[in-house]
Structures are given as structure tokens and as C-alpha cells.
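Note that chain A is present in both complexes that follow, paired respectively with chain B and with chain C.
The block that comes next holds the complex of A and B.
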């Protein structure tokens, strides 16, 4: 029990004072013995209280909750601590454990609180939500007496909250998509057939369905029927290979967040066309295989998969190139075995460091015939151009020119394998990816 | 196989043990010293020559022996009362009436009782009288020293023993129940007279009494002696005879004189009495006295008290003691607690991850250094863009015309062409001119000039959407 409460250096000073007072009395220098003894008794009482309060604090009831699931929204985290005993708990220093890459926009990461007897107190803080899975909490707590003579051992209060944040489909991206996309309806093959979009009219042929007769043409004494554009069905598979460099950049505008938003908006677009869509994410040495689906179901599956990306596992990933290759082979066999026979658009987004390895493993897929592979390689250092003055921006560009050149040569090498690779900058990534996907639909 | 580390578990703290010890010492002190008396006469606890310790050891080896220190209480403590043998050797004081009554009670209560009396003082006459014995012990007579006595016993032992200073027994009447067994050796069995009988056996119903007019034959000095006379054999056979099968022996221990150890110590200095004191008993008694806190604690405290008082009268010692006391009290309290620095909890420090993070932060602080490598990079950027846009390299003199066609002033275009190529030659090692170059300012100037040129062909180094679009 004694180990849970420790005296501070302040107490040592007080003890020296008390013992001095007692010693002065013992040697009949001054009548201060009683005062010295009173201080010792006070210290003992204080200690008993702190041990009691520490025990209560260790067994306190903590209710944890959070609110906010979309990127860019406030993510409100609350820890409610209820003291069901008659012992007041004072003073408790709190500090919330949370990932260093998250930003608090309201409230404080720590607090000094007093929990009244038979009462509750709530600690709230608000983060700016960013896409992915994050672990927030527990609350670290240290109890001190009001004078700071004793300090309790550090306690962990409440649970660790696992928060999954979905990407936000911004208006800018939606506008880009609408500009590039040919229509917002179902997918069409530019061939006559079953569909809902009007394609052209032609003369009636025996056997044509009467429902398709174009009555307005009949007014001009022409028997014609309406032809509709045949709806096509394509299967789009997003393969995301995420490493540390994908997490570099300004808050809410890292390559990962940028890509997540683009994939979200494109997935929605494809879902609205009732296409088959799916995603496979390789992050932090772990494979997240999504569930293929059409329409809204496919879209939700992709969003869930993206919101499960764990930042800390990416940052702590120590796997080497051999591990990556093994994972890639496993990924490829999963792709081959789980995708249908119909044509598949494989949209690969890989980091600059992994792009060559990924391309060398994926090139074999092309020989199967059904895969059309497009690889996009974000240039991570360009995300550092934000929030820099123009002249410094020029210096930054010059200093990082070797990286830009490297991206250039990597893309060139990958293209030689037959894979359509593209190094994308932060400002043209959305346009290029959306344009490429739209082109594949034609 | 894992080795289990032994852990020491302290169930009772040292402080508590010390506290209990202190309480114990104070308790013993309050109780006062234990005085172990030193027996100097015929007592089983006396190891000296005049003691009975050897007799006691001898008896204890074969029989159940009870030392009687109080006759009135012994009757209650007797668990078994079938055969009792009472041995009384040289009592140093006469018996009181109630003591005699107690002995008689034993004889009445128990199935058979035997009594061995070795007495030259006559202190046991009250017992003999109470049991209606026909024998009396008149007491020691100085002329009868060291008589040679012939013993002829009913249990078969016979022989000659020299007695020390015996008392001749007085036989009130010679009855068939009374058998003299020890007589002066010069007399014959036919001429037994009152003055020559030293030992008898008398049967008094359920009581058998054996009287020897000298207790000295039972003493340590006699039993230990290596003479030709078999005192030990006599005593052993006598006890065997008197003690019926499986008897309990009551050995008289209430009539021996005990002296204070201090007096016993004094006796050692008197040669006439030195023999009476057993040195081992005296040492044990003395040690017990010395160890006892009442002996040493009060003087010690008194000494310390006076010492402290004297020390306190010396000024510098007083100051030193004050300091030492403060230190001792403080350390005593502190040593029980490990103090910790009271530091606040470390909050999470939020970070933004960037590629080239250290360089970027240095750049934002205005501390980025530029060198000729940066100039070469800038040259390469501009050259690539010009070639891909206009088809003309920056190294070519035609670039001036091209730039003019793009709206750049002739002079400015020429200056730019010359500036860039001059320092390119210097940076790439093709030229050694100019000799001294401050690359920091040159690169900064080149950036400013290049920005104007690149803007003319639709690119920028300083805008967010920059040259990379074309480069990659």
C-alpha cells in the first residue's frame, strides 16, 4: 500500500523543519517541540488521506464516449469520472494519452480536477478528426494532496477509445468529378442495348417492342423506335500501398488523406453508376481486404476499409522489402482469386519508395488479360510546399529537386514494364485519377 | 529450466521487534532482579561436596523423584499414590506440626510408605514420634566422630562403613518389628546396646522406617569418593529394598539453608566456609544477577543522563548534538520514504510529419543555407523546362531570342543567359571564374531572375502549383 503514495521533495523540507523544531526543544533552545510534533501529526494525517483518496481514485467509475466520425469534423471525446464514495478526491492531475499526430482544437490535453464525494466530473476535449483509425486514451491521472507533499502513483483511468474516421468528400473534388465525368447516370457502353439513357432513333423493324416506338416520329409519318445506350458494368479495384511517406504533409492534407478523399468521391461516383467496386489496403505490414460490392454497399465497404487504416502501425512498421514482396504476392493471389472474369480496372496507389517493387510484382497480372492497371504515385515531399512563403517555396523546390527527378525516373522505369504509371502532384492528383478512371469507362 | 529467485519476506518489522524488546526490558526492570539462592547444605540443588545433587541424579535415573519444598502442598500433586518413598537427609531445622501432619497424611493415603531418614541432628524426631516409632535420634555427640559401623541388612548387603559425625540412635524398646542394621564394629550382635546402634529398620504396619544416624553417607562428597567402602552400593541396595516396585520418591528439599549469592560470595573468602559453596551455582546465580536489566540499566541511564548533561554545558558540543539530532530525526523519517520529484505529467506533444522535416523547419526559421549544388539544381530545373517547352536549352545562345519572343526584354534575357551560364560553368567546374563566389546570394539572385523567365513560359518556382507538373 505504501508504494502507491510517495512523498515529494516538498515534504522532505517540511520534515527537516519539524525535526529542527523538535531538536531545538530537546536541547532546550526554544519551546518548539509541540509545533514540530504537530507538523509530524499533520503529515501523517495527510498521508492517510492521500492513501485513501488514491485507493478511491483507482476504483473510480469512468464512462468514456466520443462523437464525430467524419474527417474535418470536431471529434469530441469525453471521460466522465464518478466518485461513489464519501471521500473527496483532490487534487488530480489528468493528462489524456492520444496519438501525437492528432490535433486538439478545443480544450486541453490535461487538467487539474477535484472529484467531489458522491459526484461526477467530466473531462472533455475536441480533436480535429482525420481519416483512419486512432486510439485515444486512457486518461493518465496522478493524485496529490492540496499542499503537494504526497504524490500518488500514476493511474490509468477509462478505456482506450478506438475511433474510426471516414474521409470527407469535399465540394472541390465533386466539382472536378462533375467536370470530368460524362454523365452522372448509370454506366454506358456507347452501344445500343438495354439501358435507361436515350441513345438514338432508328426505323422500326419487325419484332421490336411496341413500348419502344417513338410516337413523336409517328406524327411525321415515320415509324421509328428509340434505342437506349447499353449500360456497361465495370469492376474497379483500388489497391492502396501505404507507407510512412504517405503520412507526411500538413494536417488533413497528407497524401493518405488526399487519396482517401479522392477514392471516396470516385467510389461514390462509381457506386451511383452501380459498378462493382472494392478496395485492398496494405498498410503497416498488414493487409486489409475489402468486401466487393455494387452501388451503395460497395461504397460503404470501401469507406469502412479506409477508415480502418491505423496510423501508428504504419509509423511503427519495420518490415523490409522482402516482407513487402511476400505481402504483395499474397495480395495478388487474393486479387486473382476474388475478382470476377469480367474486365477489371486495377487502380494502384503506391508510395514512391514502394512503387518499383509493386510494379515488378503486378506486371504479371497484365498477362491474365482481364486487368487494366493504372498506377498513381504521389510525390510526398510536394505536400511540404503548403504554408511556406513564395521565395522559401522556390528554395524548397530546388533542395528537393533530386526527389522530383527520382520520381521522374521511377515512373519512366515502371512504364517500361507496361504499367500505366503516373507521378502525381498534390494539385493535380484528383484531376488525373478521376480523368484516368473516366477514360477507362469509355 | 528457470531459476526461481529467493525473496525475503519480512513478516515482522525490525522496528516492531525493537519496540517489543524495549517493552520487555522495562517489564523485567519493573519486576526486579531474580535472586537464585545458593544452597550450602544437604539439598538436591547443591552441587557442592555437602549437597545432594549426586543422590538426586542417582535416584532420578531409576525412579520418579519429586523434590519437596512444601510438605503441605505435596499431597495434592501426587498423581499416583501406591508406593511412596520419603527420603530425608540432615534437615537443618525441626519440622513443624503441620508438616508432620502432611507426612502422616501421605502415609495414610498411600498404600505403602517407606521412609529413609539420614539424620544426625534429631530434627526428624517429631516425625518418628508421630509415626509411633521406637527410635529417636538424640543428636550429634562430639566424642563419636568417625565410628566404624558394621552394617548387616535384611536386603542382603553387609559391610563396614565409616560414618562422619553420627548420632547414636536411641531405641525406646526392642520390639520384633525393629531391626538394628548398623552397629559399631567393635560390638557383636549379641551385645547390642543403646549406645552403639547407628541404623535400624522398623516396620510400623504399612510404614517401613529406615533410620541412619548420619546423613553424611548421602552427601556428594561421600558418593563421589573412591574409597574401598561401598557407600554407593549400600545406598543403591537400600533404596531398592525400601522402594517397592515402581515407587515414587519424595526427596526432602525444604529444610536446607539457602544464602543470598552476595553472602555466598563472601563465604568463599572464609576458608572454613568456602567448601560449603558450589562455585558453579554461585557463578550462574551471579551471571543472572549481572545480566538482569535492573543491574545495569538504571546505572547506564544515570550515566548517560549525566554525560548528556555535562556535554550540554559545553557550547560547541551542544550545537553539534543539536545538528546530529536534527539529522538523525530527519534521516529516520526520510529513510523510510523514497521521495520523488514532483513533476507534472508529460502531455502529448503534437507533431506534424513532413518529408525533409528538419530542412523544412530550418527553412521556415530562415536558416536554410544555399550552395553551388543548389545552383546546379536550379539550372537543371530551368533548362529542363525550357527544353520541354521551347525546345531550346539554356546553354544555347538561341535561348535569348526565344525568351524575347515570349515577351522578355532583350537586355534582361541576355543578362539572364550570361549570368546563369557563367555561374553554371563555375559550379560545374568547367570554369574557375569568378574566383570568389558567395553561392548563397548568387542562388537567391538566380531564383528571382529564373522566376521571371519561367513565368514567361507558364511555370513558377514560387507558386504552389509549380514546375513539377511539367517535370514529372
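The block that comes next holds the complex of A and C.
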């Protein structure tokens, strides 16, 4: 029973005082016994209040909510606590359980609060949202009496919020990609064939469909037919292998966040061209297999898959290279069994540490004929350059030189296996990917 | 992240609260003309103690203000009592800081820097909470004074009790007139009252307002590796202890008497007999409980075996010391001890029951 409420060291002061007062009276020094006893009774009454308030706090109604689903936006988390009894609850020391990799931009991670009788109080905190799935909460509450003589056992208030944050697509980068791509709208092969877009007119040849005769040309006494540009359709599958090294870097500019943004923007670009797209994410020893889709549906599926990346599972991942290989084999069999027979662009993004083992497993896919594998290896330390001054950047570049040369050596080794590998910087990754995809368009 | 403003504000308030006591201490220091040579002179020992107490009090007040520590403040207060300045214990000006230091400490430790931005509460709700808290605390203070006066009246009644029975008078006098005895009596009464009231209110509150989470917390805090105890095992252990205590008590009393290990007047006094009987019973109860609990668990450990052996060795050593047993005899004979048993058991239980009777009289249960 006594574990409901515990005395604190501050109570010792009152106990010493009360004992001294009673002892002085008993030793007939001064008439202070009654005061000493009154203090002890006061302690008891205070304890009764804390026990009562603790049970009220444990039964309190808590409403949890959050607002904000896009990377870089404020993610507002709110806990509204409503006390339906007439007992005021004071003082509650709140602390919010949240992942350490999330940054608070407004408010505090905890607070001292008073909960009014028959009233509500809202505790809210604003985080700077970053891509992936995050678990926030519950609120940990420790009740103290106003003078801090007693404290209740820690209570958990509210639910754990599972927040999925989508990557943000930069408009500048999107325009750059549009310029790189050969056209907007539906993908065109620059070849005559079946399609809906007008390409050119040519002279009628026997056997041409009458519906395709260009009547305006006939008015000029020329028998011609319309030719349409053939629509090209490609299947792009993103395979993203995430490990701990991708979580390090400036806030919102870690390799993972950068890659997520790039995949989002590239997949949007491909969705606008009505291509088939899909994603498979291997993170924290777990395989997240997306749903293939064409156009907008495919894009939404990819975004959902990215926003389900669980940071905590990556951080707590203890799997070794053997586990990774086993997972990769399972990934390959999933890829083979779930993709169509048509040619597939497999865009693999792996860290510098895993690239070699990933390539050695994936090279077998090439023998099936339908897969064209493009591997992109982000150089991790270059992601730290985004937010620093040019001078610091110049010095930092010297430091990252060894990483870059290591990346180049790994890329050379991978290329020998037939996989088109490329070590990329944060600045050219998106353009490189889109250039590769567009080159594959037939 | 703590708020620097709150830290500064609480420090200022703590200094203001401690100012009256600090002022008294400083004025006392100012009133003294100290000759350093006299400090180490034993003839001026009382003066030296007074000066030391005032200095100590001043240091503790300053430390209490700096650390917002109510224990240090209480020590400073008690230092004043040492020099005979009792009024500091009766004036609210000097006593209130002890309570408010707790509040200040809670604020300074728990208030976060940007917490105002995190909290959304209506002004009416905040005012209602503060007002209701003031009402609760004020009522608690008034109520505690009245309940305290009732209990204190009861304690005074116990202390003024007049017992005619000669056997009980010495112990009754010790408990009522002797300050040490009174302290023991009052201390035990208060502790008993506190524990009973605490358990009762806790059960009552949980019954009125049951909470799953609180119940789970309470259950989780219990050590799950608790051995199974058969029902009424404590009573069984007490009965066994009571049955074997008389010979032990008697043998120990005889040993003390025969070998003059303690002053004769003390050994002969009834108060000592009471003390010894209770002490023997308590120690035996602990040993028997240890032994039997292990046997209940079917896991006789080294401790339980040692407890049993100690009992047997103690018994035989005492019997041998008193010359009641001759190990050179052909057979193990405790005939002489048997002769004592009737008298011993009668004496022991009469002593023990007189204590129980006295407690009942003091509690007002028996006339």
C-alpha cells in the first residue's frame, strides 16, 4: 500500500521539527508538544490529500492529438487532461516521453501543472517534423503535494502517438528534374506508334487506318495520315537499404532524409508520366514492401512506405552482415515474385558500409534479363556540408576526402559485377537518378 | 532545462523568508563581545557553546537560503533552542519557511524554461485550483491543530495516570514521569496512530476511488520472490517463543546475578526484569521465526541451522555456567533444572502479563 505515495527528503525537516517540539515538551523545557503533534497530524492530512489526488490523477481523462504530417513543418502534439472530480490536483510534474532525435521548437519537454477541479488543462509541445514514423508519449506524471513532502508513484497518462511524417519535395529540385526529363506530361518515346499525342504527318500508305487520315491535308490535295508519338512506360523499383550511418548528419539533412526527399520527388516525376513505380525499404532488420502502382496511386504508396520508416528500429538494430544477407535474399525473392515481366529499373540506394555486400547479392538479379540495376551510394560525410559556411565547408572537404576515395574504390569494385554503381553527393543525387531512368526509356 | 528566472525568484523569496531568523542570529552575534582567549577557557564553556550555536545557526541559515533546504533551516532553528531562544519555535514567522521552502524547491526543480508556452489553462480554472488548494491547506492546518489538541490531551491523560498496583508503579512512573520513558511512550503512541491512520485512509481512498493504474503500481512494487508463509505462522512462532522464553530468561538473570556482571541494585530492580523479559522474548522470537520460516519453505539454510544451534548451545552453556549440568556425569541429566521450571515459568509470565496490564491501563482500555 505504501508504494502509492512516498515521502521525500523534505519531509524529514518537518519530522525533525515535530519530534524536537514534542521532546522539548516532554523534557519540560517548553510547552511545544501540541504544536509538534499538530505538525504530525498536518503531515497525515497532507498525505491523505496526495493519495486522493493520485487516484484522481490515475483516472483522469486524457485526449491526445497531433497536427503536422510533412517534413520540416511544425508537428504539434497535445495532451488534454480533464479532471471530472471536485478534487484539485496539484502539483503534477509532467515529462513527455519522446525520441531523442526529434527537436522541440516550441514549448518544453515537461512542465509543472495544476489540474483544476471539473476542468481541463492542455499540455502541448511543437517538434520540427522529420520524415519517418515516430512514437511520442505517453506523458509521465509524478504527483507532489504543494510543499513537496510526498510524491506519488509515476503514472503514465495518455496514449503513445504514432506519427508518420511524409518527405517534403523541394520545388526547385522538381523544376530541375523537369528540365532534365525530355518532356512533361505522358512519357514519349520520340518514336511513332500508339499514343494520344500528335507527333507528325506522313503520306498515306496502303493499309493505314482510315480514321487516321489527316483531312485538312486532303483539302490541299495531299493524302496524309496523322502519326502519334508512342507512349513509353517503364517500371521503376526503388530499393532503399537504411542503416544507422544514414541517420547521422544535420537535422533534416541526414542522408536518410535527403534520400527520402529525392525518392519522393523522383517518384512524383515518374507518377506524372504515368509510370509504374514501387518501393522496398529495408530498415532496422525489417522489410517494408510497398504496393506497386501507376501514376498518383504509385506515388502515394511510395510516400506511405517512406513515412513508415521506423527510426527507433534502425537505432536499435543489432543485426550483423549475415542477417543482412539473409534479408537481402528474402528481398530478392520478393522482387522476383512481385514484379512484372517487362523491363525494370531497379534503383538501389545503399550506404557505403553495406554497398559491397548488397551488390554481391543483387548481381544475380541481372541474369534474369529484365532488371537493370542502378546503385547509388551517398557519401555520408558530405551531408554535413549543407548547413555550414563556405570556409568551414572547404576545410571539412579535406576531412571527407578519404571517404570519397573509399567510395570511389567501392564503386569500381561494384561496377566489375555489372551493376551500374555511382557514388553521389547530396547535390547531384536526384539529377543522376532521373538521368539514368530517362536514358532507359524506350 | 530549468528556468533561470524561477531560480532567481525562488532564491530571493527564500532569502526573504529566512530573514527574520537571520536577523535574530546576526543581532545576537553583534551583541556579543568575544575575547578569543576566553573561548577555550572551560570556565566559560556555556558562553562558548552559545556563541558556537549562534554561529552555527547563522551558517545553516545562509546555506538553507542558498540551497533552499528546509532541513538546514530546521537545524538552524534548533540551534537557537540550544541557546534558550524558544520563541523561535512558537512563532509562525520562523516556522513558515520550513513549509514554503518545500514549495520553492518544487518550483525551482520542476519549472521548465518554456513551460508557459506548453500549458494552456483558463484563468478561471487556474484561480479555482489555487483557491481550492488554499482552502484545503488552511482547513488541514486548522483540522490538524484540533486533532492534535485531542491527541495531546489523551497523552497528558496517560502521563497523569495514577496506578495503585505496587508491581506496576515503577514501570508506570518510568513511562509517565521520567522524560525518557515519556518520550518512548509518546513516540510509540504517535507512530502507532500514524501507521493506523495512514493504512486506513489509503484503503478508504482506494475503495472510494478505485484506480487500475494505482493498483497495478502497488502490486508491481511488491517483491514477487516472497516465500509462502502458512497462515498464522507469526502466532505459532510467538507461542513457541513464549514457551521456551522462561528458562532462557531465568538462566540469563541467574548468570548476571551470580557472576556480578551488572550492579546488584539494577539486576534486582523490577524495571530491569521487565526489560530483560521483553528483550529475551524478542530475540527468541526472531531466532524461532528465522528457523521455522526456513523449515516452512523446506529450505533449511545455513542461517536457520545456525539459529537452532545457537539456541541449543546457549541453553547448555547457561546451564553449565550455573552448575546445573555436569558434562562429566554418565548420563545427560537436567534434573536440577526441572526443579526450577515451575517457579521460573510462573515468575516470567507474571512479569510479562504485568506489562500487558500496564499498557491496557495506559491506553484506557482497562481500569
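Keep in mind that, in the parts below, the second predicted complex is superposed on the first by the 413 of 442 C-alpha atoms of A that agree within 3 Å, B and C clash if a C-alpha of one lies under 4 Å from a C-alpha of the other, contacts with A are read in each partner's own complex, and residues count from 1 in each chain.
The rule is short, and it goes like this: a residue touches a chain if its C-beta (ideal position, glycine included) is under 8 Å from a C-beta of that chain, and two chains touch if they have at least 3 such contacts.
These numbers were taken from a predicted model, which means no experiment stands behind them.
For the composite obtained by overlaying on chain A, chain B and chain C cannot both be accommodated without a clash. Of the two partner chains placed by the overlay, neither chain B nor chain C lies in contact with A:342.
Contacts of A:10 after superposition on the shared chain: both chain B and chain C are touched. In the superposed model, A:330 lies in contact with neither chain B nor chain C. In the overlay built on the shared chain, the residue A:140 is in contact with chain B alone; chain C does not reach it.
Looking at the shared chain after the overlay, A:148 reaches both chain B and chain C.
In the superposition on chain A, A:29 contacts both chain B and chain C.
When the shared chain is aligned, chain B comes close enough to touch A:97, but chain C does not. Once the two complexes are laid over each other on the shared chain, residue contacts for A:397 go to chain B alone; chain C is not touched.
In the superposition on chain A, A:316 makes contact with neither chain B nor chain C. Residues common to the contacts of chain A with chain B and with chain C across the two structures: 9-10, 12, 16, 20, 22-24, 26-29, 40, 93, 109-110, 144, 148, 154.
Within the complex, the chain C residues that touch chain A are 1, 69-71, 73-75, 77-78, 81, 86, 89-90, 95, 98-103, 105-107, 110-115, 117-122, 125-126, 128-130, 132-133, 136-137, 140-141, 143-145, 147-149, 151-152, 155, 179, 182-183, 186, 190, 194, 197-199, 201-203, 205-206, 209-214, 217-218, 221-222. Across the interface of their complex, chain B is touched by residues 6-12, 15-16, 19-20, 22-24, 26-29, 40, 93-104, 109-110, 140, 142, 144, 148, 151, 154, 244-245, 247-251, 254, 379-386, 388, 390-405, 407-408, 411, 423-425, 427-428 of chain A. Contact residues of chain A toward chain C in the complex are 1-5, 9-10, 12-14, 16-17, 20-24, 26-30, 32-35, 37-42, 44-49, 51-52, 54-56, 58-59, 85, 88, 90-91, 93, 106-117, 119-125, 144, 146-149, 153-156.
Across the complex, chain A is touched by residues 312, 318, 321-322, 325-326, 329-330, 333-334, 337-342, 344-357, 359-360, 363-364, 368, 370, 374, 377-378, 380-381, 443-444, 447, 451, 461-469, 471-472 of chain B.
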